Amino acid sequence: MNASLKSLKQQVFTANMALPRHGLVTYTWGNVSAIDRERQLIVIKPSGVAYDEMQADDMVVVDMLGNAVEGRYRPSSDTATHLALYQRYPKIGGIAHTHSTHATAWAQAGLSIPALGTTHADYFAGDILCTRPLTPQEVEHAYEDNTGVVIAETIAENNPLHTPGILVYQHGPFCWGRNATEAVHNAVVMEEVAKMAWIACSINPRLRLIDRHLMDKHFSRKHGPDAYYGQR
Amino acid sequence: MNASLKSLKQQVFTANMALPRHGLVTYTWGNVSAIDRERQLIVIKPSGVAYDEMQADDMVVVDMLGNAVEGRYRPSSDTATHLALYQRYPKIGGIAHTHSTHATAWAQAGLSIPALGTTHADYFAGDILCTRPLTPQEVEHAYEDNTGVVIAETIAENNPLHTPGILVYQHGPFCWGRNATEAVHNAVVMEEVAKMAWIACSINPRLRLIDRHLMDKHFSRKHGPDAYYGQR
Amino acid sequence: MNASLKSLKQQVFTANMALPRHGLVTYTWGNVSAIDRERQLIVIKPSGVAYDEMQADDMVVVDMLGNAVEGRYRPSSDTATHLALYQRYPKIGGIAHTHSTHATAWAQAGLSIPALGTTHADYFAGDILCTRPLTPQEVEHAYEDNTGVVIAETIAENNPLHTPGILVYQHGPFCWGRNATEAVHNAVVMEEVAKMAWIACSINPRLRLIDRHLMDKHFSRKHGPDAYYGQR
Amino acid sequence: MNASLKSLKQQVFTANMALPRHGLVTYTWGNVSAIDRERQLIVIKPSGVAYDEMQADDMVVVDMLGNAVEGRYRPSSDTATHLALYQRYPKIGGIAHTHSTHATAWAQAGLSIPALGTTHADYFAGDILCTRPLTPQEVEHAYEDNTGVVIAETIAENNPLHTPGILVYQHGPFCWGRNATEAVHNAVVMEEVAKMAWIACSINPRLRLIDRHLMDKHFSRKHGPDAYYGQR
């Protein structure tokens, strides 16, 4: 096995193991992947394997068409959704899918998570959108691929790294980033932001969206060209 | 003691111990059982014994009439409810009863847990129904047996393994599966689904039930004849 | 020191230490006491001492007038409330006071916790009542003693062990039992029941109180003369 | 390095590490500082450094103008807000800023946390106020300094130690105290009080504020000249 692929498997394994540690998954739910853009290979969690029995070497390698290239397990049943996103967005290097409690509740409610505060704006430069429902036809044939299609339809012309996550209607969140670690990081933040937004709306159903200038300031002080958050 | 019965006691013990680990019970609440269909014997948690003092050997063996066959303790006070279900449903191999917070809240609210998303549909092929109230007569005589009767009345002609759990009105959830481990697994999922449904309804009181085609897709990709979730 | 008093201090210490373990207290909040009816002495937590630095020997012994009899610390600032209850109710052997999140929220809401299900009825034979507000005069002079007075006014002619806890308006819960361990046990149950009732009312604001026959059945199968829950 | 400054760095480090232990922060969010009034130096958490990799020696020392005096890291991006408060309030010795879930939800709701019970009154002698929104100009230039300005505008003529914390609109809580430890303690209490207030308002939207005489009693029995809570 190639050294860089081995390293990627270790990264994807570590990122997957972070899901239960952050309380984002129950049992075998959830999956994280990453892409090797040069080799056009994706590393992803095996389907339905328990986290506490999983090893780095159990990660599955597939090509851009979803064909298994390496690994003794079948890849995650959501692999086609991951592929659809990697194909469309060259900037995405890692993807995390969970059924985390509060983000999933917003998806079930069929509503976008409104941008209400600086915690949200530190990571997401706008509302976290909820996709339209899939049609019966889209569910019947190539369901997981079509899930990627409606996600892309919702992202539209936006930079996917500016709002690095989305809610699939009646399903749950997909998050992404420049690599697997960032994707999981954004999944943790989305769950926290989803919980805060639920409570804030419960306290004051007539609250206002975050002021535009405050949102832009927080996003840019962390991610803009003149960012001054953190050590650089 | 017979070897297979010893093994079943171990399984039931392990399944019972999973309840506090998953945060489903307080103190001695909750009980899990399993059936040996060949011998027509049921293994169940002893009544009111603390989880952290319980041993595999403390599990109680009763016959199909509820008579103690083996064990120094009295069986769970809910034993008659377990028996009533085993008698009616040959497919059920294990049963778990808890007072888990959110599922019990739905039972107290007197409402079925609506199927709102794919997390629900991955395990339950429809709403998780709430039984009718027991009458004063049903509570007065053979209360625990009658609890089984109203559960069966609510399941009606449905396959119990397609919606492997129910809410008893003003009481709490009973879950089941092909064995004790599956029964506890379904109890964990029902609690999570109950929590999500509460939050989703709080976010958007006018949300819609999950689209039928999406529910069928998720249930069948995991449990149908052409299931492709997990390793097979 | 007398042997039985030493044993009581150990019991009260252990009961106090159970509060943070069950997530009922933050910092130094909360206090548990027990009474030696023969000697007419009360053992209670010292005021404002951190749980993780507390020893059994730090428990304070006071007489029925609240005078310190033994111990290097000052007793809990709520000692007079404990005394007021011990003086009026010979059946009470232990008292636990906490600011546990959900029970305190009901006290702040100024509402009794309604009996909505069997979880509640297994321990409390009716609603958990909320006291009336204390008057400015009652707060100004002998505040802690008057807290005991309004609790007693609310219990009225009821058997305090049938609903072993109460909410003090805009303050929080006081629970009791035949000893310190039971008092803490009831405090844990009240917090869980308070949480369930909040969620159930949120799910269905028009839910009904638990059917009287179901409540009586559950309380009596656990606490009545023909109780059949647990090992006896 | 000076001995007292070294000791202050240790205190600030310990106080920062208490934030994740109390569940108040996710990832690198939050920051705690303390001031050496004699030397006019502030010790504060470095920006964007992970808690589990942080050492006491990583704390950054800045002067009253925010110039780095010591330390290999850049100070927290919120340093100017801390400075603005130290400059205006000589009684403040430590400041803690978090995005704790429930306090932040109140800030997003744009509402003060109402004083509803004795848990609140034991620490805060009135509502925990929410600031006005910052203007686009205030956000654009000297944003963090202006955050301190609106906090001071909201405190107005009140003694900052009587309500030792505030909500910045659409942002989150800032808490303070006589030192870093007290500031974190007040942040923990504010989060708990914010959670209780949300639940209480959800249970009874028409509840009343705590009676004035009860609030004054609780605040004064703990913090007044004749305080009798704790060991003195």
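Note that the chains take the letters A, B, C and D in the order they are written out, and that residue 1 is the start of every chain.
One rule holds in what follows: contacts are C-beta pairs under 8 Å (C-beta built on N, C-alpha and C of every residue); 3 or more make two chains touch, one makes a residue touch a chain.
Please read these numbers as outputs of a predicted model, since none were measured by experiment.
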item	value
Angle (degrees, nearest 5) of the CA superposition of subunit C onto subunit D	90
Interface composition of copies subunit B and subunit C: same or different, split at half	different
Most remote chain, CA-based centroid, reference being subunit A	C
Computed distance of Cα centres, subunit B from subunit A, in Å	33
Of all residues in subunit D, the ones touching two or more other chains	201-202
Chain contact topology (line, ring, star, complete or other)	ring
Chains touching one another, given as label pairs in label order	A-B, A-D, B-C, C-D
Subunit B contact footprint on subunit A (complex, rising order)	26-29, 46-49, 73-74, 77, 99, 101-102, 104-111, 133-134, 136, 139-140, 143, 170-172, 198, 201-202
Residues of subunit B defined as touching subunit A within the complex	116-119, 185, 188-189, 192, 195-197, 199-204, 207-208, 210-211, 213-214, 217, 221, 228-231
